[in-house]
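Naming follows writing order (A, B, C, D, E and F), and every chain is counted from residue 1.
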Amino acid sequence: MRPSGRQLNEMRPVSIETGFTKHAEGSCLIKVGDTHVLCTATIEDRVPPFIKGTGLGWVTAEYGMLPRATNTRMRREASSGKQGGRTVEIQRLIGRALRAGVDRVALGERQITVDCDVLQADGGTRCASITGGWVALRLAVNKLMKAGDVHIDPLLDPVSAVSCGIYAGQPVLDLDYPEDSEAGVDGNFIMTGSGKLIEVQMSAEGSVFSRDQMNELMDLAAKGAVELAEMQKAASK
Amino acid sequence: MRPSGRQLNEMRPVSIETGFTKHAEGSCLIKVGDTHVLCTATIEDRVPPFIKGTGLGWVTAEYGMLPRATNTRMRREASSGKQGGRTVEIQRLIGRALRAGVDRVALGERQITVDCDVLQADGGTRCASITGGWVALRLAVNKLMKAGDVHIDPLLDPVSAVSCGIYAGQPVLDLDYPEDSEAGVDGNFIMTGSGKLIEVQMSAEGSVFSRDQMNELMDLAAKGAVELAEMQKAASK
Amino acid sequence: MRPSGRQLNEMRPVSIETGFTKHAEGSCLIKVGDTHVLCTATIEDRVPPFIKGTGLGWVTAEYGMLPRATNTRMRREASSGKQGGRTVEIQRLIGRALRAGVDRVALGERQITVDCDVLQADGGTRCASITGGWVALRLAVNKLMKAGDVHIDPLLDPVSAVSCGIYAGQPVLDLDYPEDSEAGVDGNFIMTGSGKLIEVQMSAEGSVFSRDQMNELMDLAAKGAVELAEMQKAASK
Amino acid sequence: MRPSGRQLNEMRPVSIETGFTKHAEGSCLIKVGDTHVLCTATIEDRVPPFIKGTGLGWVTAEYGMLPRATNTRMRREASSGKQGGRTVEIQRLIGRALRAGVDRVALGERQITVDCDVLQADGGTRCASITGGWVALRLAVNKLMKAGDVHIDPLLDPVSAVSCGIYAGQPVLDLDYPEDSEAGVDGNFIMTGSGKLIEVQMSAEGSVFSRDQMNELMDLAAKGAVELAEMQKAASK
Amino acid sequence: MRPSGRQLNEMRPVSIETGFTKHAEGSCLIKVGDTHVLCTATIEDRVPPFIKGTGLGWVTAEYGMLPRATNTRMRREASSGKQGGRTVEIQRLIGRALRAGVDRVALGERQITVDCDVLQADGGTRCASITGGWVALRLAVNKLMKAGDVHIDPLLDPVSAVSCGIYAGQPVLDLDYPEDSEAGVDGNFIMTGSGKLIEVQMSAEGSVFSRDQMNELMDLAAKGAVELAEMQKAASK
Amino acid sequence: MRPSGRQLNEMRPVSIETGFTKHAEGSCLIKVGDTHVLCTATIEDRVPPFIKGTGLGWVTAEYGMLPRATNTRMRREASSGKQGGRTVEIQRLIGRALRAGVDRVALGERQITVDCDVLQADGGTRCASITGGWVALRLAVNKLMKAGDVHIDPLLDPVSAVSCGIYAGQPVLDLDYPEDSEAGVDGNFIMTGSGKLIEVQMSAEGSVFSRDQMNELMDLAAKGAVELAEMQKAASK
């Protein structure tokens, strides 16, 4: 019934190739089906002004799409002179999500910037960015710990994200683009490896939904979160 | 226990003064406690390019805060040369929320722009904007119907929004600023008068939450939505 | 003969509601007929670089119009990415006008920013901004003096502004929008309560005027300035 | 008594070299003392949207200063990404001034853009721009008439501008930079060759002035306007 | 003698993986040593205004670097609000280079945009972009010809680019980053597969060079161009 | 055969008027035929952050064209909000060219900014800017040496630039606009007075060229460089 032939509660194949670029302190190319995102983590000693001198660390994120990551070419944001509303919204979400999984005292007064650049898009780019972004973050933190710059692990539990929605009247896990563009209701669920919630965003443009539907989607998301956490751990060992 | 002395499930006093400005097709000043938002609705015949010729209508929103709506003066966005990420995120949310309650076929090929400008802020400005924005929209649509330009009412059910959060370990309804700045977990719940969900955004910066906590907040939100819908209907009769 | 039925030398009804917002050190909502402007004054310890260390104070102003303050909706300046020429011109005028009435030595090395935001426009918004802006400034200075931060009153004489013009061949005081859009010649007159001039701007787009006409308008303006100064004093006691 | 040794009512030497650039339909280099402005007039068939189809013409102006026109280098506006407030204010003034002297029906539905670029500044650049800008406009209109594109002369009377101010307690004509930077009160007077007023801008930053002082300055300005009109006519014959 | 141990006239290993992204009409990931560039070609029916109706085609290019493509993170251009001077210069160069190898009559009135996004940088990104960009262009044109939209092949001869420079006193082919940052003189040579020149840019910041040195570098470049053309042909068959 | 009747190897008449503006530390108006560029050099004590404390000096350049320097009016870059790609490319070129002729140790830790503003354009504006810019730089350095601020002359050899191209099948020196707009191949050659090369940029939009053609153009350029250096020395004595 799903265009891809997947089961209702079946995710797309996921692969995470670490060390995709040589300069970043942590990097991976995450593929969730045909959605491919290059995630890099950069460690810097400077922190934003509002936490200077507090001893706390900071994690932030930026998001971008290559102009032809999509079916028709989108205008390059660098050339149009500003990041669009969607981009701003997504990168703020990624940053909040990753920070929720960080012990900022243990990280110490430094900043890690996670860049998520979509090379190819097929639905769920923000979720792939969070899942892959955490792996890049994990690798960068590993480097800090190996170097003795950080002593207590500031990352306790993986942070991942998955989308769910009502497609053709059925709750489905991990929407691809054909599903996403049809679904009346969908949501992004950001969770920890141990099943705690970090952020839930459900939305129904031009429609409404019930609490029962919401609960069905949350059940699917919980299943996805467990699977993603396993892959994140395996990739970033 | 709450700084304001309110019950856990008690909203702030709400007032909605319609016709606050004379030029707009619909307008109101909504006060939710000390949060005051001026909402205006503007009807235009032109629609965005992507729906031209479809016969469908469009509802969009813009949001702004006066520089000294807050405790310390913020830089004026017009002078800094762009809308900040928070502003962009909020106005996209308001637009989606209001569109969800509109029958775009019945509205016909025209656009209604809802401007929400915060004159004074004390927490919950995006929720007050949605609640008051719907009233401005309702008044503008009334005018279209009275003039015979629209025949079937495109607004079936009020759309309102309320925030809930975990404050001092307790779930509370309608956070004011002192609560909002302390709450580890909070959410914005956009609902219809008949209790359907339009959008749910729950977030825990630097923290996590459980499904039980989520359900408690949703119960509070449902109570708030009923009360707000009554006030919206009374104000826009 | 005037659309509003006023006498040639009769101003519109003026009201000044102080304390309109709770956060600002000084605030008022001034209504000059159907022109409504929210004025707030913000005190900050930092001053612009060019007076740092001089012991002198600074007063500056910013001006904005809500998108639907006018008969047809104007594009929001924050979203178009810059303040238009008219806005820049007006806010520079307000700043100069208010500074002319300030003893900057007595004020001491601090800055007061006066924000004038037009909620509803019906002609004469820059004049209402100056008149109301002075009241907000007065209230903020009162607070500084009460707190013992300023010892000699830096505001000697109220600063107000009024427009005059030639409408239907006759010199009239305080143009409203229907008059303003027809008048070939008009001017803005910024004066002190004791009748001194601070700034005069007379202009005739597509036309010319004589010194006699100029003198007639200045006589009207002098009358208006006296009336406005009384109201400013009464409001800010 | 004046730094330059001039009489109180004596202008600086003025020269107007027409045809300074070969591409523009009209051009001149105007020198008012050490203030040098290159003015060009460009004729285009397109008009701004708001007069399309009305048969009326339009005259507009742009103003710029080369970065090292002044004593210390100013940042290039093209590189800082926007025109400053002062620039915007001045170019709007030039445009209004020139339009006031144009019969827009006689001009016909075309636009003339007058560019005023300051090569060297020594006070009074906006006045020199208006005076020289009119000459460039005159030359462009001459070309239109010679070509038979315009039949009735749309320029009746020269438009010129001069500044006056109170320097060292005395009213003086045509302030140069050393005077301008000291003068408490000054004004720009835009007049026609026959002594009519187009725009008056008097201002006293940090000071006030009386009607008597204003009248003294206007007498000086009237003298200057007559002299400038003669030079404009001689140059653009 | 070279940091990489290469011969003076030895290029880095080059690989070209076509079809790297699924949406673009042509795409490849080109690796020149550790410099990795993703090139995509997008076909559109619209052309720039200045060739509308001429029947001629257009090829243009855009260039970007991911923020952490380099050793230290660079600010994202989309977020800084404009493309830097270096970016603008490079993308104009790529566009000119590719256009020089296109028969624009044979292409017909359509535009092909080549996006070159650097995933990892190690010197010579603009040259890799041109070499890989031509492959993406070739693949897109193949698609047009297969579909019968283009009948005569508009691409006659491959266009490739290579850098050469004086490193440690010796002329070397294909500078990597360690060489590039030391070389006093270097150049970019854009050539066709048959050895014709398209563009030569030689530069010596803080130094000078002789015609003899220039000729030595051109000999090296000619060798490189032959090798690159072979690889381009093999990859895009 | 050339539109101007010049010999193939004949430059346009060149004049260099020094001291064209009074404020700059060095200035000249260079005329190369009908191309007129005003060049000014500004000395400042501050240097860019990346050389602070190194004791080295810096030379940088900015380039602009007045809107009506060209045959049809171009949009003013200050008003369009950014410098176009061509402008950015040219001013980077001028800066590199001038720096190549400067002993930055001898200059000492200060910055000289050379502004090149095109008053009238007829081809070759970037070359005229470099040639005239060096004269302005020379005059500013003379002032530094006369004041005893610089002891060893940091300018050894004049830096000049000239364009050459293939026009109507023949190699010609110093292209004017009619030639430039027809030439399939052209180049800019930046050289020292003693015949050394600083930068070579040859390009063939929509065409290709051979090494023989390249050598012919370089022979012409060498002739031009000698002539220009003589004029630069004469002007800046």
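The rule we apply is simple: a residue touches a chain if its C-beta (ideal position, glycine included) is under 8 Å from a C-beta of that chain, and two chains touch if they have at least 3 such contacts.
Computed from a predicted structure; not experimentally measured.
Engineer: Thinking of B-C, which of C-D, D-F or E-F forms a repeat of its interface, with over half the contact pairs identical?
Structural biologist: Matching pair: D-F.
Engineer: Taking each chain's centre as the mean of its CA atoms, which one is most distant from chain A?
Structural biologist: Measuring from the centre of chain A, the most distant chain centre belongs to D.
Engineer: Greatest Cα-centroid separation from chain E: which chain?
Structural biologist: Computed centres place C farthest from chain E.
Engineer: Taking the mean of the C-alpha atoms as each chain's centre, how many Å separate chain A from chain B?
Structural biologist: Centre separation, chain A to chain B: 28 Å.
Engineer: Whole-Å distance, chain C centre to chain E centre, using C-alpha means?
Structural biologist: The answer is 59 Å.
Engineer: Return the distance between the CA-based centres of chain D and chain E, expressed in whole Å.
Structural biologist: So the centre of chain D lies 51 Å away from the centre of chain E.
Engineer: Specify, in ascending order, the residues of chain C that touch 2 or more different other chains.
Structural biologist: Within chain C, the residues that touch at least two other chains are 81-82.
Engineer: Should the pattern of chain-chain touching be classed as line, ring, star, complete or other?
Structural biologist: Topology of touching chains reads as a ring, each chain with two neighbours.
Engineer: Beginning at chain C, go round the ring through chain D first and name each chain as you reach it.
Structural biologist: Here the ring, read from chain C toward chain D, comes out as C, D, F, E, A, B.
Engineer: Under the stated contact criterion, what part of chain D meets chain C in this complex?
Structural biologist: 82, 85-86, 88-89, 91-92, 96, 99-100, 102, 104, 187, 192, 196-211, 214, 218
Engineer: Inside the complex, what are the residues of chain F that reach chain D?
Structural biologist: Against chain D, chain F makes touches at 20-24, 27, 34, 36, 38, 40, 42, 44, 62, 64, 66-71, 73, 76-79, 81-83, 87, 113, 115, 117, 119-121.
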